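Listed after this line are the structures, all set down as C-alpha cells.
There are two complexes below, and they share subunit A, which is joined by subunit B in the first and by subunit C in the second.
== the complex of A and B ==
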C-alpha cells in the first residue's frame, strides 16, 4: 500500500481524521482456531467436562473408598443405598459404589487401548493401501470386504470366550475386529490425497514409500483420525459392555460396567440400584464422548459452517 | 460398486422407475451378477468360519467331567457319527460337512445330537419378526425426523430433536432395553393388568387369529421399542445433513419457481436425491441391528437366532455356530443387494451395465 500522492501539487481535502490506528490482525495459530471453534460448541464443552470428571473419578475414587472392590459385607446383603453403602450392595455384599467406579476404570481402560489401537492400525493400513496401490491395495480391500461379511461379533465371542475374562486379550480381540471399517473409510479419503502434487514430488524425489505415507498422507487425514478416535472410544465401550453382559467379556473377580449391568439386569425389579448406577455411569460416558466427537468434527472440519466465523 | 453414471435427457418429473421400464433385462442381469458375487462371499465366509470355529471350540469338552465318567471310546462313539470327532482329520470333517449341505441341505447336528436345521428354521422367523419390524420402523421414523429437522433448521424443533437423538443414539442397547422393561413393569402395575409382556415371543395356549395377533404384538412391542429408540438416530442425522445439502440446490429452487410449495419441492425433488445414501446406510446396518438383537433377545428371553448364537458358543456346537455365521452373512448380502436396488430405483442418473 502506498500513501504517497502522485502529484504533490494537489492537496487532498482536509477533513477530520477518521482512520483509527490500524492494528495488524494477529495471525491465529491452528490450535487457537480449533480451540475457539470447539469452545463455541456448548454441548461439546459440557461433554468434555463430564468426561474428564468421570475419568478423574474412576482413578481417584478407588484410592479413597471405604470398601475394597471384592470385600463382602455380610451384614448388608442386597441392601439399597444407605450411609454405609452409597449405591447399595449386591447379593454377595459387594459395595456397588466402589464396583461402579472400578468398573468404569476398567471400561475406560479397554476403550482407550482399543481406540488407540484401531486408529493407528486403520490409519496406516488405509493410507498405505491407497499410496502403494496395485496388488497391495487389492489384497487389503479383499481382506476388508471379507471381514465385513463374517459377523464380527461372532469372531469376538469366539476369541474372548477363550480369553477367560482377561481384559488385555479382550482389548486385542476388539482391535482385531474393529480396524477394518475405519481403514476402508480412510482408504477412500487417501485416494484423492495420493494424486496431490506434494505426494508426487516426494515420490519422484525418491522418498521411501512408508515415509511418504507417514509424513505426507497421515497428517492430512489427521482431523478424521481424531474424530475416529473419539467415536472409537464410544464404540469400544458399547461392544465391551455387550460382550461382558452376555458373559463373554470381563469376568469375576474383575468388573466392568458391562458385567455390573449384566448382574443388575437379573434383579432389575428386586434390586434396581444394581442396574441404575452402572447404567448411569455408562450413559454419561458414551453420551459425553459423543458430544465431544460432535464438537471436534465442527472444529476440525475446514468446510464446516457449524463452527461459525473465526 | 460399479454403477455407470451417464447423463441422459430424461424428462423432469419422470417418476423413478424409468430404468425398470426401459431395460428390465439389464437390471435383472445386473442384480443377478451382484447376487452371485455376494453368494461367493457367503460361501467363503461360511467355510472360513467353519475352520475358525474348530480352532476355538472343542465338542469333546462337553463330555468331560460327566458323572458317571464316559470312557474315551464312548465319547468317540457319540461324536464320531455326528462328524464332531477330532480323530478324523479336519479336512475330512470339512468335506463331510460341506457335501452334507450341498447335497442334502443338512447343516449337521449339535454335540448333543439335535439337528441344526430344525433349530434354525423356527428361530429365523422369530428373529426376522423382530429385526425386520424394527428396521422398517426406525428407518421411516429416522427419515421423517430428518426431513422435519432439515426443513426447520436451527429452529426449536430441530434443536430438541438434535439433543434427543444424540442421547438416544449413545445409550447402550442393554440400558435402553432394561429401562423399557422397568417402565413396562411399572405401567403394568399401575394399570393392574398385564398389557406388555417382558419375556418370550408368544404365550402358551393362545388360539384364534386375533388373540394370537394381539398376543404377538404384546410381546413384540417392547423389544421393538428398545431397538428403534437406539437405532433411529443414525438415519435422522444422515437424512438431515444430506437434505440440507440438497435443499438449497438449483433444481429445488426451480421447482419452487414452477409453483410448488416448499414442502412439495422438498418431498418430490430434494428428498429423492438425498434418500440414496440413506438407503445404502440402512441396508448395510442390518447386520448391526442383528447384533443389537442378540442382546435384546437375551434381555427379553426370545428364542431367536441371537439366543441360539450364545447357546451354540457355550455348548461348543461347531455346526450351529457356522450356521449362525452363514445367517449373518446372508443378512449382510441381502442388505447390500437391497441397497443396490434402492440406488437403481431412486437415482435417475444411474444406468446399470
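== the complex of A and C ==
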C-alpha cells in the first residue's frame, strides 16, 4: 500500500529558498500603538481636551473681547461679574475676564519657552556627558552638582527683579535654574544606552561623536523627553505664578496668572472674583497638563500597567 | 508504572494589543516516574508556557484550559495558595538563568533551609543538616563554609548547582528544567546535565527538560516532544525520533545543526521563512508555508498528532499527512526532504593559503585592566591580564575563529582590534596599515572602511528608532558617500543578504531575529570591507534561522573575497564555518591551527575537555561517549565524574 502512495502522489521536493524570509510579521505601527494606549486613558484624553481649549481660548479670546487689557472702566470699579464684565473688574476698573485670558496667554508662553529650553539643553548635555565620558562627563557632573546646592529661587528673584519683570528675562532665568536636574536624570538613562551595541557599531563605523549623540542617544530617550516636557510645562507655570505672586515675576502693565492671583489674594473676601477666576484657570492648566503627562508616561512606557492589556 | 503527570489538551492564550495569542494549542502527554521528557522547539513554540502552566506560574491574563493531573490530582482551577503547597514540594523547577534565580540578599544556607521548612516541619538543626547533605550531593566543596556564602560569591555553574539542590530539597516527584544550561559554558553544561541526571536517580522524579538544543535532548531525554507553533508535531522515544524522524520540521531542525563530530563542508539545510504569529491561525498545517514537501491538502485542515508505523516497534506520533511517505534517511520518494545546496566555490578557495594576501595580522597583543582601590583617590593595586601576548594572522577569503569560554579574553581581543588600540610591544596590522602608526582622525576613519563588525544580539545592534535604510546607510554616510550612490547601494545590499528591498522603510522591530542579523551583515558589508569581525553572530538565533545566516556568511565570503574573524563559544558552528581556529584559555591561545586538525586531533588537554563536553545530536553516540574534564592545576584531563 505504501508503495502505491509513493509512486502516485510523490511530488519532488523543491530547493531550499534562502531568500524567502521576506514577509515580516505585520506589526502595529509605533504611533498607532501609542495613540491607542493614550486614548484608552480617559483622564488623559480629558486633560488634552481641556488643555487645547485653554490654549485656543488664550489666543482667540483677547482678539474679540470688548475691553482692552489695560483699559479702565471708571464706571465699574471693583464690581462683581455682570453682563458688561463677565468676571468682574478690579479696583482700577480693568476687566478681569480679559486679564485672565491675557494672563493665561503670558503664563503659557513662559511655560512653553521654558519647557522647550530646559528639555533641549538637558537632553543634549545629559546624553553628551554620558557618551563622551571621561573628563567631559566629570566636568559636566561637577557643574550640575554645584548648581544643585545653590538656592535657585533666590537667584531667580534677584534676576527677575533686576529686569523689571520682563517675561523674556524671567523665561531665561527659569531655564537657567531648571536644566540641570533633568540633565542628570537623562545622563543616567543615557549611561545604559551608551553600552548598547548599536552605539558601539556607530563608533566602529567612524561616525563622529556628536552625530552619534544626536542620531542614536537622543531619539532613544525620546519618551522620557516627551514626559519631561509636559511635566516641565506644569513646573514652569507653577514657578512663574509663584514668583509673580510674591511680586518678583511679571509686573504691571504686563499680567500673568501669578500676578493676577497675587493681586486677587489681597481682596479675596471683598472681591473674590479677582482671585477665583485666575486661580481656576491656573488649576485647569496644571491639572490638564499633569493628566496628559501621566497618560503619556503610561502610553510610552512598555512596562506600565497599560502595556500588554487589550 | 503510574503516571506522575498527565496533561490533556492543554491550551493557553493571552490577550494582547494585536488580538488573542494562542501560545499553547493542545498539548497532551503522560510522564512516568523516573523518566525524562525532552520538549524541543524554537522560541515562541510554547514550550516554556507549557511548563509555566504546569507550575501554575502564568500571569493573570493567561487563559488556561484542558487538564493537568499531577499524581491523580487536577491542578487547573487551584488557587495560587493551593498551588504553593505543591510547588517546591511535589514539583520543582530549575530556571534558565542561575544569576537571577537566587535572592542576592540571603545566604545560600538561608535559601535552602527556607525551601525545606516551608513544606515540612523540621527543626533548625535538622534543616541545616539536610541542607549540608544536599550541597554535598550536588558537588559543592566545603559545604559547611558555603552555607554562609551569598549567591554573588558563586560562579554561574555553582549557582545552578545550588538551584538544583533547592529543587531536589523535598524529594519532588517532578522536576521541570527550563533551558537549565543555556546560560552556561559548554564544560559547565556537561556537568550540570550529569547533575540533573544524578538528582533524578536520587529522588526518582520525573523530569521535563525544556531546551532548544537537540544535543542536550539526545543526551538526557527518554521521550522527545517537538513543539511548533504551540502544538506538539512529533512525539516519540528519543532513539526513534532521532533515527526515524517523520515530521519535516523535526528533520529540518536536525539538518540545520552543524555537528562537531563530523567533517562536513556542505551547506546546512535551513528551514525557509519564520514561525507563524500565533494570532488567528487558520485551520491548516502551521508549518505548511515553510515545508519543502507541502501539498495542497496541507492547507486544508490542521493535521492531528497520529501514530505512524515506522518499523521501530515503538509508539511514534507525528502531525504530518505525509509522514508515512518519509523514510528513515529523511528521504521522500528517493529524494531528500531538504535538498542540499551546492558548495560555493571561487578561484580564491582553490588558491593555497600561503599564496593569499594577509588582511589582518595581530602580533603579541596584550591587554591588562588595572585593579583599583579607594573611593575617592583610586590607587592601583594590581593588574588583571585579560589578553597575554596573542598573535595570529588572517588571510583573504579565510575564516579565523577564536573559541573559548566566558572570561577567556576572546571578546577583549576583538574590542582591542576594533578600538585600534596601540600596542606597546606588538602591533595590529589591518589591510596593510599598522594601527601604531595611526596619528590623525582622517586616517583612522579611512581604515574603518576596511574593517567592520557584526554583533551578537541582532536587536541590540540596530537602533530601534531608525529605518533599515538609515541603518545600512550609516557607515556610508559616515565616510561621506554620495546620496544617490548610497540609495542604490542599500538596495543592492538588501538583495545580497536576502532581504526584500521593498521593506527598506521599516523599523528593525518589524523583522525577525534572523532578518535583523541580515540587516547587521548588510550594514557591515556596505563599505566594502576587507575583513569582518563577527562577535557570536548566530548564538542568539534559533537553529533553523542560524543555519540560514551561516550559509549566507559562507556564500558572501566566497562571493566577495572577505576574511572573517569569528568569535564564538559554540564549537559546532566553528567546525562548520572556520578554516582556522584558535582555542583561547585565560587570555592565551592554548591551541591554534587548521580547524580539522585541531578538532580531530586535539593536543592540549583543555581543547580535549572542551570537545568532549559538546553534546552531539545523536542519542547513540551521546550516551556512550566518555567525557573528560580539564584540571587547571595539573594542566591535564581526567575522566568526568559528577
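By our rule, the second predicted complex is superposed on the first by the 281 of 310 C-alpha atoms of A that agree within 3 Å, B and C clash if a C-alpha of one lies under 4 Å from a C-alpha of the other, contacts with A are read in each partner's own complex, and residues count from 1 in each chain.
In this text, a contact is a pair of C-beta atoms (placed from the backbone, for glycine too) under 8 Å apart; a residue touches a chain by one contact, two chains touch by 3 or more.
Small disclaimer: the values here were computed from a predicted structure and weren't measured.
In the superposed model, A:206 lies in contact with subunit C only, and not with subunit B. Using the contact criterion defined above for the overlaid structures, shared-chain residue A:219 touches subunit C, although it does not reach subunit B.
In the superposition on chain A, contact is made by A:269 with subunit B only, not with subunit C.
Contacts of A:36 after superposition on the shared chain: subunit C is touched, whereas subunit B is not.
With both structures placed on the common chain, the touch criterion links A:52 to neither subunit B nor subunit C. When the two complexes are overlaid on their common chain A, residue A:157 makes contact with subunit B while staying clear of subunit C. Residue contacts after overlaying the shared chain place A:196 against subunit C, while subunit B stays out of touching range. According to the touch criterion, subunit A has no shared surface contacted by subunit B in one complex and subunit C in the other.
On the subunit C side of its complex with subunit A, the touching residues are 15-19, 61, 269-270, 272-274, 277, 292-293, 295, 324-325, 332-333, 335-339, 341, 418, 444-445, 448-449, 452-453, 455-457, 460-466, 474-475, 477-479, 498-500, 503, 506-507, 509-512, 514-515, 518, 520, 523, 527, 548, 551-552. Interface residues of subunit A facing subunit C in the complex, by the touch rule stated above, are 2, 5-6, 9-28, 30, 33, 36-37, 196-198, 200-202, 204-208, 211, 215-216, 219-220, 222, 308-310. Residues of subunit B that touch subunit A in their complex: 41-42, 44-45, 48-49, 52-53, 56-57, 163, 166-167, 169-175, 178-179, 181-182, 185, 287, 290-291, 294-295, 298-299, 309-310, 313-314, 321, 324-325, 328-329, 332-333. Residue ranges of subunit A in contact with subunit B, taken from their complex: 43, 145-146, 148-151, 153-155, 157-159, 161-162, 234, 237-238, 241-242, 245-246, 248, 258, 261-262, 264-265, 268-269, 272, 275, 279, 282-283, 286-287, 289-291, 294.
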